[in-house]
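Some structures to go through are shown next.
Here come two complexes built around subunit A, the first alongside subunit B, the second alongside subunit C.
Entry: the complex of A and B
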């Protein structure tokens, strides 16, 4: 089924007819994005009410409405509503909002990275951001080395700083080599990634079982660490970086035509590519340092969007911004519905993401994407 | 528009590609660059549109050095039609062509840009493809879309890298004739790389023939397309006949390897 019938309207109606048809074509895409946004808010509303407490959907909604209206309950007079309010606002709400922010950030970042690296299989972690972050976290957890305070914020700070190291290495390499092709950048990211993974593994095999478990658990993406005290940091980082990427969607489209074509269309390819890489790495580093590695969102959401909307980044980026949260909320809600104990959302994402991605790959557009991927693999590997 | 290419050298790393290229091109004119594979034709046009920076020499647009012109300003003056398009992330035809307006686009210019796109699509006979996805088109249709994108840039100089290589003979003639007409109507300088010597001979006002990274011959088709030049540059034996005042090449055989 085609959401956007591909017919030609141009021959009839002259300039006005053509403009009208183009506006309708754009409007259909905008409408789809609005539907995604609506779906995200509906799932967000439902997800807030899934808390492990015996609370109906409407109890959850009322807890939100009452809290927003400033209504308070006494713990002794009305314990049910008091605890509904307490759980929703102090536990579920920050986690659910965290899912929205992280899902949006990872999906937008994945979409941008795929274009910048000219590779449909690129994702937020392709340049080694995650391996840098894991190394930084393990450095704090296993060796107790941090750049600032010890404890949770020491781990987060380390993860953030080391997540940026692979990107910095690639930018230095670009400077030394006077430019790198996207394929070489991916390979350089892979090399840096392996290096950090080697260092992390070295630390892990030489530590005791308890510390090993802690450091391993840190790597599995989870939203359980998100609370009101840190949500604002992720929110500010993600909103600022997403705003920059949204402002650059036209440049992303031009960049997707290839470096030489983009230059001939007036785009400074080097400047645009590195601005997007730096902004994306910053955004992923912020998210990653609080949640660990949540995979698949950055790969899945942009591809699902492109399957329906096409590859125009003016729509792919905002649509991914709503579809990413939708997928992550779905996975997080499942993890809370199914698990007796808290099941990290990173694990659920792997189970949810794999079949959906396979379905996309085996579809008509997916086969085309695979064909393009084969062409992008350098002959030397 | 006047382009002065002054003693331009270019090398990819340590591999020299162009050396000592000097030429004066003044529009309106339809110029064709001929030469065998790997001789540096595409490299030369990329030195003109600032995609590549020459390792030696200068390229001047009117009285300004290309190195002093910003990339965005260059895109307003010089349009480029690539040999093939990257379709990893394909847009619709209309959005692909609309991208050619990127250097000119400003807030509120969409309607005007759409009008230019529509006119261009109709001129190339591909308006019926407007809402199709670019990757659903044939190779020939791809080339026409790329051509449309270059044309909507409304440049003073239009560079084309083998724009008709994937077209059938009818469309090769149509497109080249249209480029010739645009040269005269819009008073622009068109520089087209071509492997079809006869089409270049029929429509070009001037031909630049490259050999070994240098200009081997430059002049009118009658001056450049000679049996001797084709023997040296393309290593083919040929016979040139006159076709309404234009030279027409009949290929006979490749020059034996031990004679080249």
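Entry: the complex of A and C
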């Protein structure tokens, strides 16, 4: 599919033609992003109305509109509407909004990581964030060790803090070894995550079956834990970090030309890389500690965008920001439609994601991708 | 890497280099054999002392007096000895498999499960444990798990080979196809584990970790047979494999069809590893670490690297299994806790070597 043919920008008509051409080039990309955003809002509208209740699309929309308008129903007089309102507003809304925020965060983070680590297979979890988070969560679930209160927030706090450990280790390593190459960073991330998952396994083996089940469940990405009380935390974290990443997109473009040419163009490569890694790790840590591991979005959304838009990060990042939520909303809607069989969104993403992954891989882009990462394909996961 | 100092004849230098490799290989193989005898009675969880193991061995091999104790003979001869022998062969098979994969895919991170064996086997075992489904009708219990694991572990490889036949693929692409299929199987296993009751989930989880508790004399012929046949076939192909090191084009100019070599090696290695894995579950890191250890210590003559990997893998797994018995943990857990830092160490060492030449 080639929506945007990559012609030479120097068209007939001299300077004016060039400007015209460039304007079209930008306009098409902006249009594409707008279409994505629109699609996301449409799916958002539909998704809100999918719940366990027997309720039509318009019932759901009306419930939201009424709630926003301040209409309230009495539980005894109008039980149907009361419960519609209750379910939509208290359970579906935060979850759907959570899907949007998490999807956006993961996709943006993946796009940035792929550029910064110079590896098309990089994703938000490449540097071991997820293994740290799972370790932290298991520490709380299995051993009852937390930095504060027990219960859900203890688990979340642990997951968040330990998710940052791999990133910290890598930064320390960079300091000691005077600037690691992206390849070595990925390898170090892999080793750190091996280590953490080894420790996690150790804990999981030693515990009883029920605790094992709950720690196993924690890892699988799910949006059911998101409610109004924690949505704002994810929202603030994601928006702040995304803003920083958006501000750095022009450096990302320079970085994509390679470390040496970026340096010669006056970009402090190490600093940019540091900043982006820290910001992305923070963002992923926030998301991860509330949802568990949701795979593939960070890997696939940027690639799908690049297939259509090309590799200009000034557009790839915002487009990923809308495509990520679109994918996650889709997966979460499936997950809620199949609520009887208990299919967390993380698993739906795995089923949806692996064919897309194979498709992208075996497609035309895959070739070029492969060439760039031929030495560093993680062998097993 | 050969030490051709000026003044030393090149040929003599090369010979002595090969001789040294041969010696190291034999040394490790002997160490593995000694390890089996020395370690099998270690930490035996009975009131018997470590030395009883030699009395049992003497009784069975040389007809000496049987040691005291009702279950002594059963525990030492029927449980611990086959476990140690199996450990050595399993470790060897995984390591030589890892070595072949690293050469064939030209990827230092490849391991014996690169063709998706771990995920396929895990899925097979999970459906056997959680749903009681057996792919071959009539089997139950442990054999259902083993047969399921074996059959399904070869599915990703079949898909990979199909892709390889249909279109021109680079090694990296092949690995990624394997990863894609792995994700799918992984998702399927996760679903069934999620739906299972806690004890089945725990069973499937523990199966996937890699364990040597359930091996005995009964499965020995299969594990040892697969390992010996597979390793022998791989060693016979060592020349072709060493040509593969020159890259696909280089192999072509030297008269080998890289695609065919890759195909045959994938097939043989996967069959061997699948046979082993279906009894033990997926024991990680042996297959990835052992070839690196060999490469760092001995150099890269392919034949000795393969043999050396086998020996080092056997020793590694034996030692970890001894540790696993002391701590009463599945051996896979020991391997993953020890393997991570070991892997990091190896990577750092290689990084230094690459950047200081």
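The criterion applied here is as follows: the second predicted complex is superposed on the first by the 367 of 381 C-alpha atoms of A that agree within 3 Å, B and C clash if a C-alpha of one lies under 4 Å from a C-alpha of the other, contacts with A are read in each partner's own complex, and residues count from 1 in each chain.
Just so we're on the same page, contacts are C-beta pairs under 8 Å (C-beta built on N, C-alpha and C of every residue); 3 or more make two chains touch, one makes a residue touch a chain.
As the structure is a computational prediction, the values presented were derived from the model and not from experiment.
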item	value
Which superposed partner A:216 touches (first subunit B, second subunit C, both, neither)	second
Touching partner for A:357 - first (subunit B), second (subunit C), both, neither	second
First (subunit B), second (subunit C), both or neither touched by A:188	second
Per-residue contact with subunit A, leading partner among subunit C and subunit B	C
Partner chain(s) touched by A:275 [first = subunit B, second = subunit C, both, neither]	neither
Subunit B versus subunit C as contact partner of A:230, first or second or both or neither	neither
Which superposed partner A:307 touches (first subunit B, second subunit C, both, neither)	neither
Subunit B versus subunit C as contact partner of A:204, first or second or both or neither	second
Those residues of subunit A which subunit B touches in one complex and subunit C touches in the other	376
Partner subunit C, residues of subunit A touching it in the complex	121, 184, 187-188, 190-192, 194-195, 197-199, 201-202, 204-206, 209-210, 212-213, 216-217, 220, 295-296, 341-344, 347, 350-351, 353-355, 357-358, 361-362, 366-367, 370-371, 373-381
Partner subunit A, residues of subunit B touching it in the complex	46, 49-51, 71-76, 78-80, 82, 85-92, 94-95, 99-100, 102-103, 111, 114-115, 118, 121-122, 127-133, 135-136, 153, 159
Subunit C residues within the subunit A interface of the complex	101, 105, 107-111, 113-114, 118, 163, 167, 170-173, 175-177, 179-184, 186-187, 190-191, 193-195, 198-199, 201-202, 205-206, 209, 284-285, 288, 329-330, 332-333, 336-341, 343-344, 347, 351
Contacting residues of subunit A [partner subunit B, same complex]	6-11, 15, 18-19, 21-22, 25, 114-115, 118-120, 250, 253-254, 256-258, 260-261, 263-268, 306, 310-313, 368, 372, 376
